[in-house]
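Look for chain A in each of the two complexes below; its partner is chain B in the first and chain C in the second.
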Partner chain A sequence: MRGTSPTRRAPLLAIYATLVFAFIYLPIVVLILYSFNRDGVGGFPPRQLTLDWYRQLFADGPLWDSVLNSLLVACGAVALSLALGLLAALALDRASFPGKALFRRLVLLPLILPGIITGLSLLMFVVFAGMQLSLLTVFLGHGTALISVATTEIFAGLQKLDRAQEEASLDLGATPWRTFWRITLPNLRLSLIAAGLLIFTLSMDEIAVTFFLLGRDNTLPLEIWARLRRGITPEINAISTLIFAVSVALIIVWYRIRMRSVGSGAQQLLERP
Partner chain B sequence: MSGAANPQAASLDAKGPLLEVRAAAKRFGTRDVLKNISLNIASGEFLTLLGESGSGKTTLLRLIAGFEQPTGGEIWMAGERLDTLPPYRRRVNTVFQNYALFPHLNVRDNVAYGLRAQGALKSDIPGRVDEALRMVKMAEFAGARPATLSGGQQQRVALARALINRPKLLLLDEPLSALDANLRKQMQGELKALQREVGITFLFVTHDQEEAMALSDRIALLRDGTLEQVASPREIYARPATAYTAQFIGQTNLLRGEIRGSIATCGALRWPVEDADGPAVFSLRPEAIRLCTDGTRQISEVKFRASVRQQIYAGASELLEMDCGEGQLLRVRLPACGPMNGEREFVFAIADAIRVEN
Partner chain C sequence: MYSRTYKTIVAAPPLLWVGLFLLLPYTLMFAHSFWAVQDGTLVHHWNLANYQKLFTNPLYAGVLFRTMRIAASVTLCSLLLGYPLAYYLSFHSGTRKELLYQLVIVPLWVSYLVRGYAWKTILGSDGVLNGFLQYFHFTHAPVGFLLYSPFAVVLMLTHIYTPFVFLPIYASIEHIPRSLVEASQDLGAGPAPTFFRVILPLSMPGLLAGATFAFVLSLGDFLAPLLVGGSSGTMIANIVQTLFGASYDWPLGAAISVCILVITLSLLFLTERLEKRWSFK
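Then we have the complex of A and B:
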């Protein structure tokens, strides 16, 4: 029991770690501070704090329209990608069919593919299909591009599922259909929520794919980007601060759910003789 | 699938077997897990599938439950072809090895699951669930989640859940193996009592021969995917058909020797038999051998001298390892008799040396 703390053993490492964290988080801190700064952007350190920028923000109709658009797209994308991802995960977990290995890779491809490629190819497809660019195309783009996220999360949930439970359900006289709704799906609840939250946040701040598929109605990130071309305004800092707060809240919720699902899985393992 | 196609349906009356396994086989890839199993189970019987792990007993259970399809043979229940039906159409229910209770449902909903799945009348459900929970003494836990219950309690809930649909046949897959020794003994008693109470046929899987002996009307001993012997506990113990059975059920001495001119010779032991000449194996239970105190023997007995190699005291009895010379060791179980050493004379009845197949 010698009192050598990690910092004493490696002071350089500690300094390095501090610098990395500062590099990551300092800009966010500055952004949050500026959103309360009466002098707006510039003038550091802030001398007078104010909520004016937030008041201005809440009165900004077009900006809130874009927030609403983003929420619509994100909710739709969650529904679409969860539905399709669930089917893909079920196929990967329990069906065996020719070309399964290829299917697995294809489903996961959008995770690795640069957004610009996904966006461009979706645009080509939309043009080919003769569709008008609108929020609908953005929703379809997000929904399909994020299937891979849903598939991986749900597949992990299925792998943890105790198959004896489904057998018990069939054994008790439930049809496979009933078993799926009453046993399989409730057991995937945590995976579905976790995947949904992740897809929601990814869709909310998606730019690359959105850029190609956007019609006349802006989503929030693109509205912010458009305004930035006219210079940074304190109002942008205010909305960014709000986004940051909501994101942190969602991440905490997601993390808690993740821990619970992992925790219960570990518990089940321990209970097994 | 139609029952009318069954040529035996007419001949099956109430006395006929409930379940008939006809030459069932199961192959996983290149491995034959079950080979040509034929087994009848009578209505109301408590039959145990006994075997080492990997002997195929759980696979046979899963064929009957419908979770696996046989690669050969047929399974019939009460005059109806069973193996072509999906699991949810079979009047067979299962108690799973780790109970497989539904973690997202409380005890009451777990037990009610079967009734709801079968579309029972809504008004009937609470009463039948309460009745089932009372039967396994779990009524006070109706609102609890499975994760909060002990192993023994989960076991009871699993029983209630499996019995609620009043199956014709209940399958139990090593249901007691997860419990500690004391609880297991207690649950054995309760299981037997429960079976008598509900009158449902039980097909019980275990690797524990004592458990099989304590519970069963008949034991079916499986070995490497084939049935070694099917008989009542008393018969399988007293008259094992094979050397494997004799060793698996209880303890025994296997005497490997030879018959020539109606005399069996196994090492230092010789006795008359009525079998043809050739090599032979006999099973002689340790308790069939007793001390020869007065030096005399009956004509139907074999007498031999042996010296004590080891003595293990077990309360009511002692287990001795005796050396009969020529390297032949015999285990002898005697009533507790105090420390012994040196040479002694023993006898056993010729009828107790059971000829078994090797």
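Then we have the complex of A and C:
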């Protein structure tokens, strides 16, 4: 009977909750609205709806280059952090080794620390190792920082895994390698897809770490950032609206998968920051 | 059940990777904070001068203090918005609970930059809010203090962290056995005593987790001040960022970063302790 027992009417609380929702959504609504405003950002009320800013956006070469860069980095980061996150989750679930507690904390650290700390540490490492700043270093940064997300998600999936299936497979003579490919991995499929989508979204949006690891080629958020410093135009509203639409679409897909796989792993992740 | 080889194959790559790309960089940051810059180049002279500068120069202490104040305000505001929302959803939203929950989640994954930018367009002197105020003749000249102030930073960060704070609080309120709430009411406690003596203490772990999250992430934020803070909204991470960029004093920047790191980790340690004390078994 969860959530129904002390249900009396609470009109004041309902109004308050509505206001909080308004606070959360108002900026996003304003942003979208003004992406269709002929007279630019600001002024009230918005008049003369237009699609000009979107037309301008689609003709904007450098911006789409940065989108491509972001996609490259994000895909690389997904592959890297999923591979290492899977192994890390398996290690945390099944192996015991000296320094395991430290390892667990270290992996999760980028999730908890402000991005600037992780970004700067990696910058010092890159300079120390004599590497050039480029999209490659951004990819390394994203991939490494997001192992935390992959590990948490996949670990939650492993906890729900039925060990008996693996035992049966091994007892019936399959090699550990075969058991991994035929039993463990297929069972983790949904966790892997959910984690991948989440990492993709986070990487596409990452600024704090990217800020310090960027070479000459901009990622999308940093390209927008650079333009913001020069002044604001509704073209930025237009691209932001598109980013918002894509994020929402990805979230819906992510959530559907999440509901089918492990339930509330995302909350677990946020419950213990 | 798993062989030694299996465990080694599984554990070795992430251990090596994390050692090389996380532990080593964090250690390098720590080492840098004890080094120095001479004639524009980094020299590996071990010394404590950076920390000395940090604790004696009132500029750094002042900005650090302001940063803590902003982070505390953000935490408080997010709690004031997030807690009642979580309480409402858990106890009073009835059949719309699932939908409303999703509505809180959606902005959580929407671009930080997009949301920050939205506030910039709203608060500016030619912004939407000023246009609105003048259109309805609340003011005749644009109100200037909205953007480029600590207020704007607190507003923007509160907007970003309210859903983050909401989530763990909601989860812990949902986990409170409803029988306890009923027992309290059956025994004659009114709504207020039931809230303060049953619900609030039992939701403390979630509240602490959310508060820590908001505080720690605000503490290290340098983008919100750049976007909407102006010079009066400068925070400690902005100083670090300048030291690593234009001013080229990595050791001092590293020392400040280590300070942020120490504050963060001790806070996490503390709240983890507190959460264990409060958690309901």
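The rule is simple: the second predicted complex is superposed on the first by the 252 of 273 C-alpha atoms of A that agree within 3 Å, B and C clash if a C-alpha of one lies under 4 Å from a C-alpha of the other, contacts with A are read in each partner's own complex, and residues count from 1 in each chain.
As a working rule, contacts are C-beta pairs under 8 Å (C-beta built on N, C-alpha and C of every residue); 3 or more make two chains touch, one makes a residue touch a chain.
Since the model is a prediction, treat every value here as computed from it, not as a measurement.
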Which partner does A:Asp162 reach: the first (chain B), the second (chain C), both, or neither? first
Between chain B and chain C, whom does A:Leu170 touch in the aligned arrangement: first, second, both, or neither? both
Max touched-residue count on chain A (chain B vs chain C) belongs to chain C
Task: Check whether A:Ala10 is in contact with chain B, with chain C, with both or with neither, and answer first, second, both or neither.
output: second
### Message
After the superposition on A, what does A:Phe244 contact: first (chain B), second (chain C), both or neither?
### Response
second
Both chain B and chain C touch chain A at residues 167, 170, 176, 264, 267, 271-273
Counting only contacts in the complex, chain A reaches chain B at residues 162, 164-165, 167-176, 178, 182-183, 186-187, 189, 264, 267-268, 271-273
Listed in rising order, the residues of chain B that touch chain A in the complex are 65-67, 86-89, 92-94, 96-98, 100-104, 113-114, 117-118, 147, 161-162, 165, 177-178
Touching chain C in the complex, chain A uses residues 1-7, 9-10, 13-14, 16-17, 20-21, 23-25, 27-28, 30-31, 34, 41-45, 84-85, 87-88, 90-91, 94-97, 103, 106-107, 109-110, 112-118, 120-125, 128, 140, 144, 147, 163, 166-167, 170, 176, 198, 201, 205, 207-208, 211-212, 221, 224-225, 228, 232, 236-237, 240, 243-244, 247-248, 250-251, 254-255, 264, 267, 270-273
In the complex, chain C touches chain A at residues 1-3, 5-8, 10-11, 13-15, 17-18, 21-26, 28-29, 32, 81-82, 84-85, 87-94, 97, 100, 102-107, 109-115, 117-122, 124, 126-128, 130-132, 134-135, 159, 162-164, 167-168, 171-172, 174, 178, 181-182, 185, 191, 194, 205-206, 209, 212-213, 216-217, 219-223, 227, 237, 240-241, 244, 250, 253-254, 257, 260-261, 264, 268
